[in-house]
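Per-chain residue numbering starts at 1, and chain names A, B, C, D and E are given in the order in which the chains are listed.
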Amino acid sequence: QDALERVTAAGVLKVGTETAFAPFDFIDAGTHTGLNMDVFAEIGKELGVEIEWVTLDWAGVLPGLEAGQFDMVAGPATVTAARMERYRFTPPIAEATVALLKSAKDDSITKPEDIAGKAVGAGHATAQLAQLIAYGETLPTAPEAKEYVSFNEAYADLAAGRIAGVANSLPNIAFVAQQRPEVFAVVEPAFGTKTYFAYPGLKDDDHASLMDAIDAAILKMKGDGRLADLQQKWFGTTFDTPDAVTEPNI
Amino acid sequence: MNFDLNVILSKQDELLYGIAVTIFVWVVGTLASAALGFVIATARRYGGVLVDRALAVPVEVIRGTPFLVQLFLLYFGGPYIGLSLDALPAGLLALSIYGSAYFSEIFRAGYQSVPPGHVEAAETLGFTRGQVIRVILLPEMALLVLPPSVNMAIILLKETALLSLITVPEMTMTASAIGSQEYAFVEAMLLLALTYWILVELAGLLGRLAEKKLSRYRLAKA
Amino acid sequence: MSDTAISVQHLVKRFGTTTVLDDITLQIPRGQVSCLIGPSGSGKSTLLRCMAFLEEATEGSIFIEGDPLGFVYDGTGKRQRQAASELRRVRSRIGMVFQQFNLWPHMTALGNVAAALRRVRGLSRSEAEAKALAQLTKVGLENRAGHYPSQLSGGQQQRVAIARALALEPKIMLFDEATSALDPELTGEVLNVMRGLAEEGMTMVVVTHEIGFAATVGSQLSFLDQGRLLFTGPPAEVFAKPRHPRLEQFLDTYLDRGASTLV
Amino acid sequence: MSDTAISVQHLVKRFGTTTVLDDITLQIPRGQVSCLIGPSGSGKSTLLRCMAFLEEATEGSIFIEGDPLGFVYDGTGKRQRQAASELRRVRSRIGMVFQQFNLWPHMTALGNVAAALRRVRGLSRSEAEAKALAQLTKVGLENRAGHYPSQLSGGQQQRVAIARALALEPKIMLFDEATSALDPELTGEVLNVMRGLAEEGMTMVVVTHEIGFAATVGSQLSFLDQGRLLFTGPPAEVFAKPRHPRLEQFLDTYLDRGASTLV
Amino acid sequence: MSWKLFSLLLEASLMTIFVSTISILIGLVLAILLSAANLSGIRPLQWGGKFFISFFRGTPLLVQLLLLYNLLPVMGIQMPSLATAILGLSLCTAAYQAENLRGGFEGVPRGLVESADMAGFSPAQTFFHIRVPIALRLTLPALINEAILILKASSLVSVVGLVELTRMAQNLVASTFMPLELYASAGLIYLVINLTVAVLGRQLEQRLPGAPAK
């Protein structure tokens, strides 16, 4: 029995995620909701199984996957070359290109270049941070990159006025700005290299057929427009994503 | 699961820096907590009923809420009231305030442990209050307050991990970042556990040595 | 100079609503041994502690060699606390010895005696220690100077406590059941030191259950019961035939225990 | 049945290198009160504790009504620890009352007395409590049954401790300075209970500083000094004229304190 | 901040209270067993107990929980999050409580044990009927303290997937981006819970008989 057979036999696909990553996964009025919920609901239909959510702090998610606590992970990760060595990714479900969030009251920043020499926050050891640093080197004076354990603290610090901007993937910061327009605003356009969000799973043979089936389900959703509908619902826009990332830009 | 500590050890410079930050914050924070706690306990003992009651409120509030919450309120809320501190000073301040509430209780118990007669004996001999505290109370309570103080130091050590949340680059942050960059979580966790354990045992050892030294007069038997 | 070392005037002491000392007036004569006796809880310790201002009287006053202790009355007759330095000055004439010795456990015998000489009198370390050693010698403990309290027998500890009080050369010594934490043989040691002090003419106020000591060494005996001073007079008068029924009953508890068989 | 309740044979007790009891041989007669006196540190408590096997003797043996206590000698003459159940059986003939009362603070007076009846004798709760109440009545505390030790005076606590020991119907009662933690007035209460037990013919071994009690109630008096048994005999003989110089000196400390003035 | 958000926090605090209470109780039982091991005089048991205490006091609870959660399944033991969280907290608090109790057991006057020996109690009876109640009474203040610390430390169980008060606050921050209001409210709820525990503890202290006389 491999992973796919076990999942279909049990009729349950166990998916691990965190719940502090809006708009992909978050708690709205007490219930777990977000793009991932909707996407996996469709995947479940395709596979003919129920989805069982295991929600953890992000620190516990990837270790939990490796320990077999669940079959795959829904917290989407930016597809990078390094990560592809350890995990297998599904087809992308959204663009992850990095853009800038600023304070709504800050008029000194109107385009990405304006962050030159200012303090900008990003998650510690994230792909977004790497992009911010790479972009900074192209500016006359590099911005000072401040690293946070998670983006939520970076947003709080932006609101507190210690930093001038937060560099994060466009879908995420768009959602932030939409939630608190009086506090935050997005700086268009995105400055980063084009990257994508996809769901990680395990690379081993045991999981190969399961991952194949999930890939197929996502591609099918993409083909019949269901994915685009969901993107529209959660991001207010749609993304043109490739069917598979084989050679990530970062 | 493949287990490979080398991945992590290859980043030893970063790790050592993280450990150094942790130790710095821990030692300075603990000493400041103890000093502040002593001041609070002394004020509560000698400042009259009003001071005692007034200080009881912040002490209970600080002991009753998680350090995380206090840290966030100070760091992210501070700027709204014009107190915009950098991460390291904010972290040290929060840690010192948090620890001082507990230390003040430790010292309060210490004050109570000294038989009132010992103080009265000093008073009838004409000691001033400062002398009573310095010459009699502090040395006498030392043995009693030492073990809980070491305990408190250990608790503070573990709380320093939360400073990573406000961007202080201490060792939990370093280790878990290396863990997620290199995809070696379990290794990172084990290494972290080991380092904390060593620091804790070190603190315990120092405590026991100090205890031995201080208890010279108790161990001595004719 | 008057003949009264301590004068207690209409002293009242209440803890909350309970009256522990009820209008006590008492003169302690200079150069003599005055004993306080009475059943447990009668207020002996409280009275003695008031004499050292370790307890604040609720009403009334105490004078040490004519100087007020603890409180002074201002022009309008209102009572006010004495300045701390003045309190220390008046109190320095008094030495106190407690039932529980109250030696400081982290100092040696010598350290206990020398501490006040250094801190309060401001003597140098060597001067203080020389003087302290002289006091220890006086109570027969020169060869125990380096011992910590935990290394001394109860009797030895109490003698160190006496030496500590004597080191500051007080005019008056107060003893609160200085021997009742000791067993019979150790009691002997301490009573002997006290007897020696009495012979030297030290003014002493002694709370004690040692009726024998009170009878032989004391020159004035006061009997307290439920916070009231029921009798003050020469001991001989008491033991010959106690006039007060409550005092008689109290003394009976001693006789009852068969002490008479001893002689 | 022999007339000896406890037989102590060549008992030696060392703590490390110091010898605390040095070759003690002593018979405790049945149905009488035997008193142990001696200066502090002479080994009285240690001897009494050996008799209850709370302290293991280094050499020698103890027999309770002829049965060995604590150790038995096997065929080759080697000493071995007694089985725990046998130890409990022999020890159950002994009741002990400590200087510090040692009441269990989390149980009422009744609970303290009833505990062993329930746990050890296996009585039901109501039986145990009925028996316990009877014992409390005997020491005059039936109306304090529901009080916790912290709510009782020292003398009352000590009487509960006696009731607790008596509840298991021991043949022998050991008292270690049962009154020296009490003040003079409370001491009377406890001595009266002990006197009552003596009149009923209970075998008692009493370590005491109450020379008066020893003289009037005791029928055998033993004097220990520095771990050696210097004298054993009828009290009258002692007080009439102590033959041993050390004993004479010891008794002097009592007389010296002026007890004679009382009568 | 809306009442809706606050009521979510309140709801999540039930999980905090539940997990902490159960863990403290289990921890207490474990701590008593650890004390029994320590008093047993059996060397291997004593060493085992010492190691246990040293490890669980010496390493951060976060790490312990992650290791439990991820190592147990590898060893073939499947446990739901709730059980893992309770296990982790119980083991950790057991170590601390055992240390507290050690002081309590040392504080049981020897004479009280001797009088139990004289009354014919077996060692187990002495342990459970005399030593444990007195040691518990002596360490009650420390126990209350530990309860408060565990209530606060229970925020870490979110790493194994339980949503308690702190986690709920973090979750809500992640969707509303209002950290100050949410953390302040969470702090307030912790304060109310902890003050309640402290007050109840103090009343218990006053009500329980049997602090051994000085």
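Operating definition for what follows: a contact is a pair of C-beta atoms (placed from the backbone, for glycine too) under 8 Å apart; a residue touches a chain by one contact, two chains touch by 3 or more.
Note that the structure is a prediction, hence the values are computed from the model and not measured.
Participant: Using the contact definition given at the top, which chains are in touch with both chain A and chain E?
Facilitator: Touches both chain A and chain E: B.
Participant: Compute the distance, rounded to whole Å, between the mean C-alpha positions of chain B and chain E.
Facilitator: Here chain B and chain E have centroids separated by 20 Å.
Participant: So what's the Cα centroid distance for chain A and chain C, whole Å?
Facilitator: 82
Participant: Round to the nearest whole Å and give the separation of the Cα centres of chain A and chain B.
Facilitator: Each chain reduced to its C-alpha mean, chain A and chain B end up 38 Å apart.
Participant: Go ahead and note the Å separation of the Cα centroids belonging to chain B and chain D.
Facilitator: One centre to the other, that is 51 Å.
Participant: Can you list the chain B residues in contact with two or more other chains?
Facilitator: 1, 72, 76-77, 80, 185-186, 189
Participant: Please list all residues of chain A that touch 2 or more other chains.
Facilitator: Each of 59, 63, 66-67, 153, 156, 159 in chain A touches at least two other chains.
Participant: What pairs of chains are touching here?
Facilitator: Applying the touch rule to all chain pairs gives A-B, A-E, B-C, B-E, C-D, D-E.
Participant: Help me check something: in the complex, which residues belonging to chain D touch chain E?
Facilitator: 52, 54, 84, 88, 91-92, 94-96, 98, 100, 102-108, 115-116, 119-120, 148-150, 161, 164-165, 168
Participant: Show which residues of chain D lie in contact with chain C when the two form their complex.
Facilitator: Residues 39-40, 180, 183-188, 191, 209-213, 215-216, 239, 250-251, 253-263.
Participant: Could you please specify the touching residues of chain B with respect to chain A in the complex?
Facilitator: Touch residues, chain B against chain A: 1, 72, 75-80, 84, 164-167, 169, 173, 176-178, 180-181, 183, 185-186, 189.
Participant: Which chain E residues qualify as touching chain D in the complex?
Facilitator: Contact set of chain E toward chain D: 109, 111-112, 114-122, 125, 129-130, 133-134, 137, 208-213.
Participant: Considering the complex alone, what residue numbers of chain E touch chain A?
Facilitator: The contact residues of chain E facing chain A are 4, 8, 11, 62, 66, 69-71, 73-74, 81, 158-161, 163, 167-168, 170-180.
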